[in-house]
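You will see two complexes here that share subunit A, one where it goes with subunit B and one where it goes with subunit C.
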Partner chain A sequence: MAEAVARRLLKELKDYQKEPNPDLAKLSPISDDNILVWNAVLRGESDTPYEGGHWTLRIEIPKTYPIHPPKIKFLTRICHPNISFKTGEICLDILKTAWSPAWTLQSACMAIRLLLSNPEPTSPLNCDAANLLRCGDFMGYESLVKMYTQLYAMDQQENEANS
Partner chain B sequence: MSSTPFSQYARVDRAESSSSPPLIEFSNEDSESSSSRLVTYDGQFGEQLNSIASTSSSTQPATSIDLTTSNNNFEETEHKRCWICFGEDSDSEGKWVKACRCSLISHEECLLNWITEKQRNTALRKVRCPQCKTVYHLAEQTSYLLKFLTVVDSTIQSSIPYFTIFGVTFAVAITNIHYGAYATITMVGLEEGERLLEEPWSWRICFTLPLVPVFLIFSRARFADPVMPLIPMLFIRMNQLRLTMPPNPSFTISLLPWARIIYNWSYQRAFGRLEQEWRSQLEPYINPTEIENGENGNIRPRNDQDVLDRLDRSNAGRKIVGALCLPFISAMVGSFLGKFPFVRGRIPDTFHRNILGGCLFIVFKDIMTLTYKYQRAKHRRTRHVREYSEFANESRQ
Partner chain C sequence: MNMGGGVDYNNSTTETHEKTEASISSEVKETVDIHSGSEKEETKETPIENTNTITEPQNVSTTAETAPVSSPSNETSDTTEGKTTANAAQEAQITSQQNWEYEQSIKKEVEKTPLVCLTEDIQKLYQEYEQGSEVYRQKIMKLAERHSKIRRCRGDGNCFYRAFGFAWFERLMDSKDNNLRQSALKSLADTIPLFKEAGYQELVYQDIYEEHIEKQMKIVANGEYDEDMLLTIFQTDEISNCIVFYLRLITAAYLKLHREEYEPFLGFEFGMDQFCSSSVEAMDQEADHIHVMALTKALKVPVEIAYMSGSDAMEQVNFHEFYPDDEGSKGTVTLKPLVLLYRPGHYDILYRRE
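Up next, the complex of A and B:
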């Protein structure tokens, strides 16, 4: 089984490297020793309050992948109704009940990126952000998101560039 | 979460993949890349066949072109890739299967694993292809016994919550019946109690016994005032309500709620104003007429009664335990009263002695509470803050 996981993950990596995704700045295992833990870097969609931000995702892959979904969470702090502000946990059905092996790590990351611009305030992990949306204060929501994007997601980019 | 992100994603993906033609690369190097050596993935995989077309088809719905090209003859296409394990002809073994009408093909083993996982909790669930939604058809040897057992198993699985609710309710009812029976025996005495609770039980006993603790707790709440006098009607037959001297137990029981109302009312009349005064001395910063938030967050006007009652109201547990202990305390006081020949002569039966004991206890308790409140108010009145200069020297010594 472990061999099958490794084979599939290596092919996914190969696919990504062959045709890099402009929206996904990075997608690779964190170390050569362990292929079951990956890092990904999302680029925020333009024309959204997330524009210009870079968020690091931690992907933990179970040994039973792709029968079971990978565990994905945000390492960079992000303000979004369906993402926990403290832990970075993501509330997305394809990472839980709606998972199917047809998804790949790359497509799951892209789904998360689309979640950013399509929040679902009815099942929130970040109640403050969701409440702004639920009472229709889009301006307030966007400025809040923009502020956190600048505070956390842009600094990181600079740090990476510096280091 | 809805499938919004998914559908959007699928749309985006389709747009992208339509712009890029299917790209199939063949390699001529060795195919010994079973990938078990994890260190070798960094760019050493040119030997593997790689098909962007089949990758992107795994995340996009099947189009009509897919159907025509891949219909029935996937065996003939040179390049196969399992949509589950991504294994290919060259690097994987196992029987290939095309189980749906879209272009996805997989190893039979992989697909069976996936179907088993989807059916883990609901064995009868139909599993569909994630892309074209074709229901996978399984050829399997199903005996009638297995079918029957599967139905039984899933029925049990889904009925567990109801059993749990039933069990908890049943346990509460049993507890209540035992409490009710014990309280009854305590109040009327062992012999009389055994005669009363002798089987078979009439519907009155079956109905009333589990409600005994509920009634007792109700008797401590003011909102029950209008219904309390009606409660004895539930379990007392009309023909038992004869006016005799001394009154029979049924009559006494049905008098108790009225006695309770009269006692509370006269207590209120006699000490209500006094208690309010003490309360305002203890907590002068609370304005009795202000509106406070009720337990449920509803705004309710705060009347004088609530202010006086707050010491009790603040502690629901205390009220409930007090109500449930009342029969046993009554019996203790009653048996104590029974030691006096004078009382024994006047009130020969245990039940009435216990009722009297309970009443005496309540009066005694109220007197003690009143005294306590008075003492506290007095204590508060005599309190003052000492000047620093008064005790500055004391502490230095």
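Up next, the complex of A and C:
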């Protein structure tokens, strides 16, 4: 079974390396000895308050992957209604009940990137951010997000190599 | 269903009950189409086994009203205006916790049933309803005239695919007809170009096809399996789930390639890609009419489904026939239709009397 996971993951790695994804600065296992833990680095979308930021994700892959979803969380602090400010936990259906083996690590990361610009404030993990959106204070929301992007996600690029 | 969200922070709205997760549509790689909030609550299938279906909760809802227990102290002790909103929020929180526990307990209960069981006499099914609905008993009596056995499948949301897969493999195993077996192998091989055309990445299906699907079907085709061995295969999580997923993928690919035909069946809020991603490809999501139609056509496997619900007329069980259209094709060798039993939210396998 472990072999099958490794084979699939190697294919995914090759796919990513063959066609680098400009939105995903990095996607690879953290070490050669363990293919079941990966890091990814998301680039914030332009024209959003996340522009210019780089966020590192930690991806833990179960032995039953891809039948079961990978566990993904933010290592870099991020301000978003559906992401825990403290733990980096992500509330996104495709990482839980709506997961399907047709997803890949790369497409899952892209779904997370998409979530950044499409928050769902009715199921918040970060109530402060969600509250601003809920009461329609988009200016306040954007500046809060921008501030945290500046604060935590701007020096990531240099860190990528070491992470 | 274990969701991270759902922290209540706003006492005055009822929306705090919702446990919607942010939901992203399919194929993020190409399209950028987000769908949020309307992701329906996952309705885990009820464990029908050994109990009266009527009294089982049909699904696990997150609304406070249908929660198994709502916090008693809140309910009874206060009616004063000021307190109600605060308590409502508190209650909602307790209820989502309880719901989660309740779902977990159902899941555990469900997992006691093997993925696919040994066959049982149809009388067993009748006994299940001895304390229950007369309508069901009548229908089972009727069913028993032509059917002798039932084979249950775990009610985990995958039961249609698993029942279909098992019944199909078993039918091929039992029929010693080599033509049938070879044409089944061919239908499976034909799914590869189908996936390509539907836009799936090769790594999504290739390994599963080579490692499990083709391999298993070849063993069946070579007549090397007996019933016990087949059962073992379908009771092994990894292989069994791979087969389920592969059948899901075939269903999704077929639907995508025939979208003009099937899109009208979907609700307005769904496009076909999104529907396939959230309701076909995703494991544990139940199958509906549309899924059955697509899968039977894609694999050219005829299926008959006995629909048994408490609401219809008493004396009969309705059979729906899903026959792949044979027009055009050279009257290919015909497989005897697989027979499934449908009770609201669940599929099992039936066996006709010879």
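To be clear about the criterion, the second predicted complex is superposed on the first by the 157 of 163 C-alpha atoms of A that agree within 3 Å, B and C clash if a C-alpha of one lies under 4 Å from a C-alpha of the other, contacts with A are read in each partner's own complex, and residues count from 1 in each chain.
The criterion applied here is as follows: a residue touches a chain if its C-beta (ideal position, glycine included) is under 8 Å from a C-beta of that chain, and two chains touch if they have at least 3 such contacts.
As the structure is a computational prediction, the values presented were derived from the model and not from experiment.
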Would you mind checking whether subunit B and subunit C clash or fit side by side on subunit A after the superposition? clash
Would you sort A:Asn131 into first (subunit B), second (subunit C), both or neither based on which partner it touches? second
In the superposed arrangement, which partner chain does A:Leu13 touch: subunit B (first), subunit C (second), both, or neither? first
In the overlaid three-chain picture, which partner chain does A:Ser100 touch, first (subunit B) or second (subunit C), both, or neither? both
Using the touch definition from the top, say if A:Ala111 reaches subunit B (first), subunit C (second), both or neither. both
Is A:Asn82 touching anything from subunit B or subunit C once the two structures are fitted on A? First, second, both or neither. both
For A:Gln150, decide between first (touching subunit B), second (touching subunit C), both and neither. neither
Given 27-35, 117-125, 207-215 or 315-323, which one is the stretch of subunit B whose C-alpha atoms run into subunit C? 117-125
Overlap of the subunit B and subunit C interfaces on subunit A comprises residues 4, 7-8, 11-12, 15, 66-67, 82, 91-94, 98, 100-102, 104, 107, 110-111, 114-115, 118, 120, 123
Subunit C contact footprint on subunit A (complex, rising order): 1, 4, 7-8, 11-12, 15, 64, 66-67, 82, 84, 89-94, 96-102, 104, 106-107, 110-111, 114-115, 118-120, 122-125, 127, 130-131, 134
List of subunit A residues in touch with subunit B within their complex: 3-4, 6-8, 10-15, 17-19, 32-35, 66-68, 82, 91-94, 98, 100-104, 107, 110-112, 114-115, 118, 120, 123
Subunit A contact footprint on subunit B (complex, rising order): 1-6, 8-9, 12-13, 20, 34-36, 38-39, 41-43, 45, 48, 50, 52, 55, 58-59, 83-87, 91-92, 104, 110, 113-114, 117, 130-131
Touching residues of subunit C toward subunit A in the complex: what are they? 1-7, 9-10, 15, 18-24, 27-29, 32, 34, 36-37, 39, 42, 200-201, 203-204, 207-208, 211, 237-238, 241-242, 245, 248-249, 252, 277-278, 281-284
